[in-house]
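Two complexes are shown next, each including subunit A; its partner changes from subunit B in the first to subunit C in the second.
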Partner chain A sequence: MGLLTELRSSISRATSSLFAGSEPKRIGIYGPPNAGKTTLANRIARDWTGDAVGPESHVPHETRRARRKENVEIKRNGKSVTIDVVDTPGVTTKVDYKEFLEHDIEEDDAVRRSREATEGVAEAMHWLREDVDGVIYVLDSTEDPFTQVNTMLVGIIESQDLPVLIFANKIDLEEASVQRVSNAFPQHETVPLSALEGDNMDEVYDTIAEHFG
Partner chain B sequence: MPHQCTGCGERFEDGSKEMLSGCPECGGNKFQFRPQGADVPEGPEEPKPTSEPLEPEPADDPQESSVAETVGRATTRVRDFVSGGDEPDPNAAWPDESDAAGNASDDGEIIDADARREAGTDTDTDAAEDAAQVNARSGLAAPEDVPDPDDATDASDEPPAAGGDPADASDGPPAADDDRVVSEPSDEDPDLAELREQLNDQFESIKIVEPGQYELNLMELYDREEYIIALQENGRYVIQVPDQWIGADVDDR
Partner chain C sequence: MPEMTTGDDDAGDGIQIDMISAERMDGLRTMEKIRLILDGVHDDNIVILEDGLDPDEESKLIERTMSEINPDGFTGIEIETYPGSDGGDGGFLGRLMGSDDPSKLTVIGPANRIETLHKDETLISTLVTRR
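Right, the complex of A and B next:
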């Protein structure tokens, strides 16, 4: 019986690799909480499909389940690139319900959110292991990029040999420093943008098409 | 070649793990630190260096119970006493003496040596034993000096200062003794590194500090094949396991 199972899974692996070329690449949008991942995912999805991916919020861990927008066709310079955009929960090493209390959320709800956010991180890490073909790593460029989470995640992504782009988000804010972000990860291309304001989105799409096409 | 067994003269490299469970040659658990370039005698340790600060001692029996050994055993015993281990395990390394003498007289012998050190040339066994025991009981409370019961075999590898210090607090010489006998801090590094590694391994992928507070081990979450899809209130996980894990069962049904 075990043999059958193995056979079945190896056939399905072979089949999927056979058609891999024609399937849209699955691009995971990763980053710490509140970096603007969902805002970016929504911006991309709205720009190219007209739909949104999920609700955006100032409350960290608003996205507690990975959400996918499939078949987002990005047209650049006469060519088109089709990707599946996966918006993932913000990755962190600590989740504390007290964080939510500051946002006028009741304690019960905060504890539940905290649990869901933790599940979300587990899910994001799991997706990173198996289900993405490329990564857009989103950072809030007003924040210090030298964090344990960023270093670890980018390290994991590199170890997987996944193509990665660093997006320095929130450049519409005064304290933003794109230079600080690109200094933190000089080995990767850093693209400045404001997903909220739609600043520099042309370069964003150019780079996505170039890297993930 | 920084360590040498004081019993048989067997040498060990710095950081060697062999000596953690006692000398493989003679079972001894006392080692002398030999810095690079130091003059190293081939055979077992002469009592001279360690007895230096303890001039009155060697009258005893230099070849069988060098001061270093005796103090080491006293240290081990006092530690076991403090850590609540009554079992005579530590004596096992010294069958030649402990077996014949039995626990009670063994105690007497060891404490005797310790006490004589403290009391200078005092050779009155009973009185000395009392003094040493009082010192040991009152002075050994420092938590960092108390080894885990599990680590009893490793205890002797730690600085003799651990057991000896409090008892020795009143007299100067043993401090010099510490410098010479297996008390180099570097000696502990392998232990600590190992311990840290163990702890890291034990750190689960999601640690529930309290309801609503979680600490996540990202590497562990990333590394594991199964995937935690839900956390229960009671601290249990609901996981999704890879197909291969349950494949056979499913097919059997």
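Right, the complex of A and C next:
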């Protein structure tokens, strides 16, 4: 091999690894409202970058805009994967501003929140069709996973040929059933965790690195 | 809550059901299908599709529904597909009919008037509230 060719090939190797490093996979965190998506996104961001993504809340639709944490580098067993974590609003087919009133929110604010929520859900659906490279689908394992929205969403994700992991969250709660979640979606890998307590995060990061790396 | 209104449609306090055949839907573009469904739902009808929507259409239906929700009336849709909800093989009926072409009977209605009481592989029980 001539010097020039050798030089050229080493340059191209250097640039290709440079670009590989600078193009993180964009991983969308999807799932129904209150599943713990933001809690998970914050934990991932805090564990690997030191700061959070956005506020968590028991009030549904607290996340009304997709929020991103870019260049989160997850190191596992010598391998490293860089992802952009996208926390999305919980997908639903209905939003009634009156439900916010039950959480002691004033009417004006409730109307504004519900408008933001609907825009956020529409945006999240759009992103799913165009702008994500992989999906973490978060479910509250204390709840019935067999809902129409879950079935539809997982179907939409599958039709886009996106790699997907099912996260069975809230295993710290007594009523949690991971089995029920994995039975609902046997075609995908299910990872149990508690995003709140930080339970089983090692397996969470191993699986993310394996799946999206 | 059953409530009589001075009806802005001919049906008064009745419930109109639009059953749309697979054949009718086949001839339509995605946005035409979504319009047909949402126009029905806006009129407070229950729309039943003989053969449902594909995932891409479902995704656009959700997106469109979100953009039409407003605090003065429309709160979105309730949608149930049958058979469904067990991921892989389309359930009992899906297996019976062959997984290549699982028919997806789909019920769609206004979220504030329709409530699913019970659903399993073989039965959807829906409560429709009169206006």
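Note that in this section the second predicted complex is superposed on the first by the 191 of 213 C-alpha atoms of A that agree within 3 Å, B and C clash if a C-alpha of one lies under 4 Å from a C-alpha of the other, contacts with A are read in each partner's own complex, and residues count from 1 in each chain.
We take it that a contact is a pair of C-beta atoms (placed from the backbone, for glycine too) under 8 Å apart; a residue touches a chain by one contact, two chains touch by 3 or more.
From a predicted model like this one, the values you see are computed outputs, not experimental measurements.
Enquirer: Could you tell me whether subunit B and subunit C fit or clash when both sit on subunit A in the superposition?
Expert: clash
Enquirer: Touch test for A:Q187: subunit B only (first), subunit C only (second), both, or neither?
Expert: Touch status of A:Q187: second partner only.
Enquirer: In the superposed arrangement, does A:I156 touch subunit B (first), subunit C (second), both or neither?
Expert: Touch partners of A:I156: subunit B and subunit C.
Enquirer: A:F146 contacts which: subunit B (first), subunit C (second), both, neither?
Expert: second
Enquirer: Identify the partner contact of A:N77: answer first if only subunit B is touched, second if only subunit C is, both if each is, neither if none is.
Expert: It touches nothing on subunit B or subunit C.
Enquirer: Could you tell me which stretches of subunit A are touched by subunit B in one complex and by subunit C in the other?
Expert: In subunit A, residues 91-97, 111, 114-115, 118-119, 121-122, 125-126, 128-129, 152, 156 are touched by subunit B and also by subunit C.
Enquirer: Within the complex, which stretch of subunit A touches subunit C?
Expert: Residues of subunit A touching subunit C: 91-97, 111, 114-115, 118-119, 121-122, 125-126, 128-129, 146-148, 150-152, 154-156, 158-160, 184-187.
Enquirer: Please give the residue numbers of subunit B that touch subunit A in the complex, ascending.
Expert: Listed in rising order, the residues of subunit B that touch subunit A are 205-206, 211-219, 221-223, 227-231, 243-244, 247-248, 250-252.
Enquirer: Using the touch definition up top, name the residues of subunit C that touch subunit A in the complex.
Expert: Against subunit A, subunit C makes touches at 54-56, 58-60, 62-63, 65-67, 69, 71, 75-81, 84-88, 111-112, 116, 119.
Enquirer: Would you pull the subunit A residues touching subunit B in the complex into a rising list?
Expert: Of all residues in subunit A, those touching subunit B are 1-2, 4-6, 9, 91-98, 110-111, 114-115, 118-119, 121-123, 125-126, 128-129, 149, 152-153, 156.
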